[in-house]
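Here it is: the structure, laid out below.
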Amino acid sequence: MSAAAPLLDIRGLRIDLPTGAGSATAVHRVDLALAAGEAAALVGESGSGKSLTARSVLRLLPPGAEVHGELRFAGESVPGMSRTRLREFRAGEVAMVFQDPRAHINPARSVGDFLVEGLTAARGVPVREARRRVEAVLQEVGIPDAERRMRQRPGELSGGLLQRVMIAAALAAEPKLLLADEPTTALDVTTQEEVMAIVTEAREARGLAMLFITHDLELAAAVCDRVVVMYAGSTVEELPSGALHHGAAHPYTRALLASRPSVGDTASGLRAIAGRPLSGFEVPAGCSFAPRCPRARDACRTDTPLLRAAGTGTSACHYPHITEEAEQRA
Amino acid sequence: MTASFLATRLTMLVVTVLVASLGIYGAFMLAPGDPATLLVGGARKPDPAVLDRIRAEYHLDDPFFAGWWHWFSGCLHGDFGRSLVYRDSVGHLIGERAGDTFALVAYAAVLVLVLGTAIGTVAALRGGRTEALLTAATSGVMAVPTFIMSVLLIWVFAVELPWFPVYGSGTGFGGTLSHLTLPAVALAVSWVGYVAQVTRTSVRTELRGEHVETARSRGVPESVVIRRHVLRNASGPIFAVSGVGIAGLIATTAVAEQAFGIGGLGALMIDAALKQDLAVVQAVSLLFVVLFVAVNTVVDLVSAALDPRTAQGGSR
Amino acid sequence: MSTAPAPVLPSAGRTPPVRRRRLDTATLAAAAVVGVFVLLALFGPLLAPHDPNAVDPLGVNAGSSAGHLLGTDDTGRDILSRILCGARASMAAPALVVLVSTAAGTALALCAAWFGGWTDRLVSGALDVVFGFPGLIMAVLAAAVFGPGLAAPVIALSIAYLPLVTRVVRAAALKERSLPYVSALGLLGASTPRIWLRHLLPNLAPLILVQATIGFGYALLDVAAVSFIGLGSQPPAPEWGLMVSNGAPGILTGQPQQSLYAGLMIVVLVIAVNLLGSGLSRRLPGGAA
Amino acid sequence: MLEVRNLRKTFGDFVAVDDVAFRLEVGGSLAVVGESGSGKTTTARMIAGLEQPTAGSIAVAGKERGPGRPRGAGRRARAREIQMVFQDPYSSLDRRQRVRDAVAEAVRLHRPLRGPALAARVDELLDLVGVDERQAGSLPRALSGGQRQRVAIARALAAEPQVLILDEAVAALDVSIQAQILNLLAHIRTTTGTTLLFITHDLGVVPHICDEVLVMRSGQVVESGPVPSVLREPQHDYTRRLVASVPKPGWKPRRRAQPPAA
């Protein structure tokens, strides 16, 4: 974990969502710290709670959701913010890019209105000044004919271009932290590469921290410093991106890596894990991965493992791979 | 809004009116018995010489399309023929009564637009108890049709609490207003409920919209979010249903006029229908259809202008 | 291939597990009320304490009493008996309107959605034209041509309701038809009638039922309104719309009971039908909360 | 087994598929790879018979497939040529039909089986795709995406087709489930000898079940050949770019071109 005081510090985060009767826990335990300028990826399959975790940073949860545990931004508690402070926080400190730009940009208003609004309505920047800034950012994200684009409606732009608009809108607010929720999942691979390159360049130019939500481990490792793996509503492993392929200690992380098909593979079968990913709502007692884990022993089915140091990172596993390998070496 | 959308809607308007006129004129031929007998008012035993004169005057012996064209082109020029029952020109009968109907429908339309959208918006934005209460009230009110509401209003506000006059349409602006208040309320009430419900649903839907989430995530003040994203985007569908409501008023004004004894077009049509005076029924129903279709077309065009997605979607 | 025994739970998803949507209390209550009205329509005349058409010149416009629970009308007929006996006439005509318009509308909608192209354009275009005719105006026109009575308005309203049913069912059928399971059945060699009857219609049935329920409420109001203005049921038939208008002169002289009780029956039934319709529609896939 | 010549499809002025041609041997497995708008799905739908080609011909086992939808026996004979599995597992099954009934319906369209014989054949198919007894008795709603996709595969196999088309059949699944289905398809190919046509946007899945690959862009074939050579030494610029943009160990995203004008 980084030595500097963390920009974002999440400890023991739990999120309960309202259901028809009472509430159910969607996110059980998330621990995560992010230093200024650092990029971490939150990786997991559907239902793992990665998206809810990102949204909780901006308090963008469905009505009735309850957040427990600590969630601090630059030392300040996010759940404790007043309405005014929260608006200020959203307007200038953290910006979010969503998966589906077509749904997330108002289709009835122009692209220019959308871009400028974040500065004028949220921050009181004069319109002329806001337009100037927005045009500059559009250049940066590779949209050269800014003036024409700003007059168009979202329906007239391709998905890739709209996602650049969304990123431009986030960058124009000059935030300290960028939350990116599967920003390239709906895009083609070639467009994904362009968009990720733009994000990486912009981050480097501004020293911008990023929490990147994705289901793709390789992409996560390529664009982030650290990878945090989630399963069934809990963080199960955290490690530096460089150590992903050889240093993963949690059986789930290893299984995910083994089941991801790759261009360089030969026609041998994939090592698939049996069963299906569980959502946070349906976790059993003990380790949530135990029902699918080839290494599970009795303790795994009764005791919930907590994150502890394993190799170069931390892992929530009673029998991580690293210790075993270390034992064998010893 | 594209030019082709405009052209499609206007063509649709013309086609509907043409088909409607054919249907209305054709209904006359479908009627059991001799059309000429019907024209004199059905029941009485007419003189054969009179019938022959009527046949000639109404072109009843012409081929169907010639007869229709004679009638329809006459209507286009404002010549709706003569009523043998009322012994007056149909155009004159209509002219005398159009004002009251127009005033009544306009009054009710204002009520529908203002109250319906206001109640719906307040319900959706306030949420909680207010929403539950308003939703219950509006769905209850939707089940009370004009004729029952008329009876209730007469009982409460004219008999028990004699605040409003019950019959006729009054003179002068103030007189008209007070005479038309109860009929307009009776006419508007169920549509107010309907418009309020649809408004509430579309505002609710927009409130949950992902683009609204984006605006909030950027710290845009809630009042701006509501105005620029929620209400702006909901205005298209809201306007569309309000239009359907106003068009619906045209269809049901006859009931309110009948209940409150207002001598408008609707009451004329019902009276003529009871007397089987087809010349009048045809002319008035054609007029109602034209108004109904015209209102619907205007509404479509305006909602397309408010929300470009409607027009791009093309098919309706 | 190994398939580990994964716990059986509703489809894995991001949404909290919601138990199978049950009908809420309001919907059940509404269903009960509608049920009572249906029983009235079937057995009303058996329950009536008096002959609904027996006049009593000495007991006109009486208030409620032990002999006449809801009082008597302007010719001394027992209002309660007339209301009970009127249930059948008041509900049969709108039921017929809904039956005819739903059956014809569903058939048209399926043809339009399945064959597409010209069939679709023709059906949709023709219905757009019919949509230009307000139902009540059509009913008045029909009554003028064929003379007063319920037959003409029922036919007119059935036609007037056609566009609404067809539009809703066509949109749903188009969506259903575009689902891959329908393509898969076609590729497997299933015949068109088989796909329609075994798959499309059963999947559309809940929506059609909801539409018919809501349509019944509207039809009830329209039929009653036609009777109210004198062009539908004719005296001395005990029909609720007609009773409201029969009782109207009594209101001015302080005897509103006939109009009010008959009107109350209509309003209560329509509220119950609407509640039932919206309750059922919440159970449709993708139904609004 | 499958031969496609000069296949073309236009929608108005827009050319969706332009002059696509390929041959697929018995028991072979071809991947058609492309990004959105490349025409790969339209090509698959034309081959399956869900879309009428504007021009060109499609032949299965030397037999030309005519236009239109044949009746009766002809329709079932055609069903035994080609079957298809779709992308979205959630709407690939009739939501009112239990899994076992869906497969049984497909079997009965092709074999005159009843009672225990039918049940045995259904069990055999469900076993092949790894759907257990309890899942077989459930409605699709109670199954996960991967399980539904298994059922869709079993249903397609009920017709005992010569060619099985998989249109983005693993794209909507989680990585761990995707791996299971890919392994299942490889298993089916070896046990039943079914010829596979695999439509995908994801180059990564190609080596696992395909021998041949065909790369499409804007309706045209830009490159085709055996999988190892095309993926390791792509000849066409576009294929090279496609291969280069797939994240892999040591990969960093780079800006390569100006954005498309759209």
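Letters A, B, C and D name the chains as they come in the text, with residue numbers starting at 1 for each one.
The criterion applied here is as follows: a contact is a pair of C-beta atoms (placed from the backbone, for glycine too) under 8 Å apart; a residue touches a chain by one contact, two chains touch by 3 or more.
Everything numeric in this text was worked out from a predicted model, so none of it was measured.
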Which chain's C-alpha centroid is most distant from that of subunit A? B
With centres defined as CA means, the chain nearest the overall centre is C
Gap in Å, rounded to a whole number, between the CA centres of subunit C and subunit B: 22
Dist(centroid_CA(subunit A), centroid_CA(subunit D)) in Å evaluates to 32
Could you state the distance in Å from the CA-based centre of subunit A to that of subunit B? 54
Gap in Å, rounded to a whole number, between the CA centres of subunit C and subunit A: 51
Junction residues of subunit C - those touching two or more other chains: 2-3, 5-6, 12
Residues of subunit A whose C-beta touches two or more other chains: 46, 274, 276-277
So which bits of subunit D are touching at least two other chains? 144, 180, 183
Which of the residues in subunit A come into contact with subunit B in the complex? 58, 60, 86-92, 95-96, 98, 100, 103-109, 117-118, 121-123, 153, 155, 169, 173
Taking the touch rule as given, give the residues of subunit D at its contact with subunit A in the complex, in rising order. 35-36, 144, 146-147, 174-180, 182-183, 186, 201-209, 227-228, 231, 241-249, 251-260, 262
Residues of subunit C touching subunit D in their complex? 1-3, 5-6, 8, 10-12, 179-181, 183-184, 186-191, 198-199, 202-203, 285
Please name which positions on subunit D make contact with subunit C in the complex. 48-50, 69, 72, 75-76, 78-79, 82-84, 86-88, 91-97, 105-106, 109-110, 130-132, 134-135, 138, 141-145, 152, 155-156, 158-159, 180, 183-184, 187
Residue numbers on subunit B that touch subunit A, as the complex places them: 209-211, 213-221, 224, 228-229, 232-233, 236, 307-309, 312
